[in-house]
Amino acid sequence: MSYVGTIGEKEVKIGVQEAGVGRYRVTIDGQEHMVDACQVMSTVWSVLYGTTSFEVDVQGKDEEFEVLISGDCYKFTLMNEQRKALMRAGGKGSVGKAMLTSPMPGKVVKLLVAEGEEVKADQGVIVVEAMKMENELKTAVTGKVKEIFVKEGEIVESGAKLLLVE
Amino acid sequence: MFKKILIANRGEIAIRVVRACREMGIRSVAVFSEADRRALHVRYSDEAHFIGPSPASESYLVIDKIIDVARKSDAEAIHPGYGFLAENPRFADRCEKEKIKLIGPSAYAMRTMGSKTLARKTVQAAGVPVVPGTVEPIASEEEVLRVAREIGFPVMLKATAGGGGKGLRLVREEEELRSSLRMAKSEAKSAFSDDSVYVEKYIENPRHVEIQILGDGHGNYVHLFERECSIQRRHQKVIEESPSVIVTPAMRAAMGKVAIEAARAVKYEGAGTCEFLVDRNRNFFFLEMNTRLQVEHPVTERVTGVDIVKEQILVAAGEKLSIRQDNVSQAGHAIECRIYAEDPDRNFFPCPGLITSLRTPGGPGVRDDSGVYEGFEIPIYYDPIISKLVAWGKDRTEAIARMKRALTEYVVTGVKTTIPFHIRVMNNRHFIEGNFDTDFIDKVFFKEEQERELKHGDVAVITAAIQLFLGERKRAMAQKSVEGEGQVSMWKYSTRPGIRKLG
Amino acid sequence: MFKKILIANRGEIAIRVVRACREMGIRSVAVFSEADRRALHVRYSDEAHFIGPSPASESYLVIDKIIDVARKSDAEAIHPGYGFLAENPRFADRCEKEKIKLIGPSAYAMRTMGSKTLARKTVQAAGVPVVPGTVEPIASEEEVLRVAREIGFPVMLKATAGGGGKGLRLVREEEELRSSLRMAKSEAKSAFSDDSVYVEKYIENPRHVEIQILGDGHGNYVHLFERECSIQRRHQKVIEESPSVIVTPAMRAAMGKVAIEAARAVKYEGAGTCEFLVDRNRNFFFLEMNTRLQVEHPVTERVTGVDIVKEQILVAAGEKLSIRQDNVSQAGHAIECRIYAEDPDRNFFPCPGLITSLRTPGGPGVRDDSGVYEGFEIPIYYDPIISKLVAWGKDRTEAIARMKRALTEYVVTGVKTTIPFHIRVMNNRHFIEGNFDTDFIDKVFFKEEQERELKHGDVAVITAAIQLFLGERKRAMAQKSVEGEGQVSMWKYSTRPGIRKLG
Amino acid sequence: MSYVGTIGEKEVKIGVQEAGVGRYRVTIDGQEHMVDACQVMSTVWSVLYGTTSFEVDVQGKDEEFEVLISGDCYKFTLMNEQRKALMRAGGKGSVGKAMLTSPMPGKVVKLLVAEGEEVKADQGVIVVEAMKMENELKTAVTGKVKEIFVKEGEIVESGAKLLLVE
């Protein structure tokens, strides 16, 4: 199976083949790696890279990965090559980023913008309170606030749509 | 001794008190809100009473409800933990009126130490060094200049009515004084409608060192030495240790002595903490007294062997302290890391949610005070603390090595935690050298972290790719056949040696 | 110091050694069999090498395979843990030949102490008290009578070639001697084709007390005081503590001294243990020396603060012991409970299997050395130890209370464990009073347990009935609708107070 | 719902009714108990009996229960009243007990009886080894060995049928 990864600005090609029970041959831009991997707890893998032992916590949501190894966090995206090709063809690669969702359950304390307002990337647009802390959420893109899905005072779940900027 | 104690708190600190009660043969009574029916403190306690909706203001903070449970359950005493009602003198008054013993100091001691100016005056009168300066507002520019010269620059101008960082002005040299004073006054005027200011010595690059004290109702006091609490993020302690690398034996004795004097000044009963700022020349100045059990009390317990919560209970029951100053000592070194459900790689964003798997560290010298379990959902309503991890070693080097080892054993999935942050601090050169002040994390550590190179990117990408690969294959197979996938009945390791040697 | 150490073991003891290595900055190399790919020691170590099929005789016990991994991984030393190859002098010989340092004593020390008669002669020559009697076979009835009179009745007649309890005869009085001797000889003859016997003093109601020692290659020895190990089930230790209630300061010093003499007699290097039998009058007699790390070493670590595994590694690397006799002391009291996957309510039947949930105890004074995690399947091939739980208290009373508290916090589901057994022992009056010998569990405790009344039968039946009820309802609902059941997205506590007050 | 429990020699009638979210009214031989119960870990329940808090580990296999509370083990059987009635009607109540199954995974070391042999209740019939210990299993009933399902040397799973005595 072939995947495309984006690590920082760089794009890499990744191939995965099974090579025995629990063993995999993984290529990154042509370079081959042999690993023995098994999932030992919900998101935690025991990985033997050669004979070096790693505990790897793979947290992924859609194609966005955050991987913890010995206290270091590696963030990157990874997706099926076919899917990547489809997304490229459609030119829709960045639409998803304009939707702001709540990173945690909490309460909407304040809306800092109104529908139709122009916003800049990194501008604070909404304040969500969780665990006695107020957290100002920022928009990742520059554009216009297309729609606001929540009201002040509303309780939201993790992942709830907050507002859409286009 | 009490037969039954109500614990007016939740989470790890409620569990800490339940543990002490159980070991003393005292029945424990828990209270819980809607969000907490499944919480660990409910499971561990001997009794549990429902007290209302999830927001603390409708449950854990409602004095009437707590008193009501105490009456119904025949609890003779209430342990408030920290936070919630722990430093509320009105709660202390109410307990006294109801003839229920509050495990903590008197309302008088709480009120005195709860007021910044009153506390300062009281301890100063008892001979405790405070940050030099005035407390009363100063009328004229000339008077400000005179005081500033007397205590020496740099000085801090502070609005008497101040708070939240407003009306503060740092003055490094005499030339800056007049213009800074005008600005501070005008800022204070517009913020608080009161332009009176006072002057304090500005302590540069201070360290935060505190002394744990215990007092009983028989006039006996002991101090349990110091805790170093300078590792703070946005003025909140995150890592504490005992002893402090900067405290000398003479300084320790002196700090202990004045802490006891501060406690004696308010006839302090129970466990309390005097916080001090320490300047570069190892001068120490009283900052405030916390009239309750501290989050970081376990580091002191580990180096002294004294169970602080049990002493609190003993003393509240009218007994004498079980220890004297001359039979307590510090043995080895202990460090505590506060583990929160926050994402250290997203600016410490709170991260409540379901704990999908949990592996706690063990082995020699490790203590874990946790408030959660696998399958527990951390509620959004309260402080997101998961656990306090304490490592002990025969010296600081061993304690740090052990803490690092324990942190890498600690696995919490489902929510993000500050464990990775703590691992990075334990690896930081300045931390290891003991070279830090209260600004270290915010001003030095994060900058250094950004420049650090990560070593195992390949392994991260490889594992994620394998997970994607297996996920896709599983879904593909699930379409073909409904049963049997995903379960490996007896794992078999293939023994083809040729494959192992590659990579 | 070593850069890399291979650990020729598995489970909790392999993890114990990995922890020491990690804290010392030494890379650890694990080995694993087919059954152990997912084992915790593989996950915790820095490297892991596959060594073959699940039966230990084809993996962990194969010297060639261990040596092969040591060579391939460039490990400079091997830690054998306990069990497996730990007391195998052939393995020690082989390591020496291969110039790989075995962390433990010399093959000579292992051989000497491994032979019952040779050990007895050697330590006796060094002035260590042994059980009075003869080691050489005795020819005539008259000679037996003479020796028996000399050491005093009761005596034990033992077949020289004996083992497994055969050819043993207890003789309480002189009149019984002749007939017992004839029977012992005839039993020995038929069992071992050798009718020679020897005579030993019979120690009635003995306690088993042992002394931990450490030695380095520079002629330095220390003892780390005693461990009380009389709580045994079928001659296997299950609960150990330090100090022992029966050991007086003078006796402790004397036992420590002779244990060091025993060690010195074989130029002992590393950690070892001298086991003694103690009679009712507090006379102690050398039983044997274990030439390895003991399962129960953590109780000594907890009261002395000495990390025994790190000292083993230091000494093996040629360094001196980091401690001297005059700077070690016992502080407080520690107890260890061995937690096995066995069913205490079905005659301790082994109970391997999948751990479906796990909650480990925490808080002050608790140490857990576990070899498992939630989701791990305990293999059928090895010792069914799950964990060693250690509680420390300022005195024995606090240690017992804390152990009981920790045991009730410990939840392991999916397999049966000995946790309930330990809770019952902690509640036993004789145990609490310190009044027991090596037969206590088998002869007294189980009898007393059968007479004890259980208090919460109603709650047990009620909860089981609710589980049945909900299971049936869930199945009934599943037939109606396929999705949605079983998941409660956000638990809501109903606040109708009327219902709460019932019951 | 109604159940019949057997505790020691005694038979009791048990009724369970839901009385609010997570709350139950349970009657044992007519005596009413109000409890609040929720399952917090795989087989572990947090039970509030009135306001007294218990952790209860309920291990059940078919109708045989072993319940752990504070280190004490309560063994009893519990079954649906209808089922009990059916079993009584069929008179087959004791057939199940004649089947000996392996209480753990292990290896059959020795068969102590042959097919057709008469055995007495509590007589050792087979030796299974697990974790370096040999364990002699006994038959619960007196009768004749009808069938043996395993051979010496065979590896068996937990719950595997070993032999049938009738």
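For reference, chains read A, B, C and D in written order, and residue numbers begin at 1 within each chain.
The working rule: a contact is a pair of C-beta atoms (placed from the backbone, for glycine too) under 8 Å apart; a residue touches a chain by one contact, two chains touch by 3 or more.
Because the structure is a prediction, the values reported are computed rather than measured.
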Worksheet item: Farthest chain from chain B, comparing Cα centres?
Response: D
Worksheet item: Count the touching C-beta pairs: is A-C or C-D ahead?
Response: C-D
Worksheet entry | Whole-Å gap between the CA centroids of chain A and chain C | 48
Worksheet item: Distance-wise, how many Å sit between the C-alpha centres of chain B and chain C, to the nearest whole number?
Response: 38
Item to complete: Between chain C and chain D, tell me the centre distance in angstrom, where each centre is the average of that chain's C-alpha atoms.
Response: 32
Practice prompt. Quick one: which residues in chain C touch 2 or more of the other chains?
Written response: 37-38, 44, 357, 359, 373-375, 408, 491-493, 500
Worksheet item: Of all the residues in chain D, which ones touch at least 2 other chains?
Response: 22, 36, 38, 41, 51, 55
Worksheet item: Chain pairs in touch?
Response: A-B, A-C, B-C, B-D, C-D
Response to the item:
So, in the complex, the side of chain D touching chain B is made of residues 22, 36, 38, 40-41, 46, 48, 51-53, 55
Practice prompt. Within their complex, state which residues of chain C touch chain B.
Written response: 15-16, 19, 22-25, 33-35, 37-38, 44, 50, 52-53, 298, 301-302, 305, 307, 331-332, 357-360, 362-370, 373-375, 377, 394, 398, 401-402, 404-405, 408-409, 491-493, 495, 500
Fill in: For the chain B and chain A complex, residues of the former touching the latter
341, 343-346, 349-353, 356-357, 359, 380-384, 407-408, 411, 413-414, 419-424, 427, 454-470, 472, 491-494, 496, 499-500, 502-503
Practice prompt. Using the touch definition up top, name the residues of chain D that touch chain C in the complex.
Written response: 1, 3, 5, 7, 12, 14, 16, 19-26, 28, 32-39, 41-45, 47, 49-51, 54-60, 65-76, 78, 80, 103-107, 130-133, 135, 158
Practice prompt. Could you pull out which chain C residues touch chain A in their complex?
Written response: 29-30, 37-38, 42-49, 73, 373-376
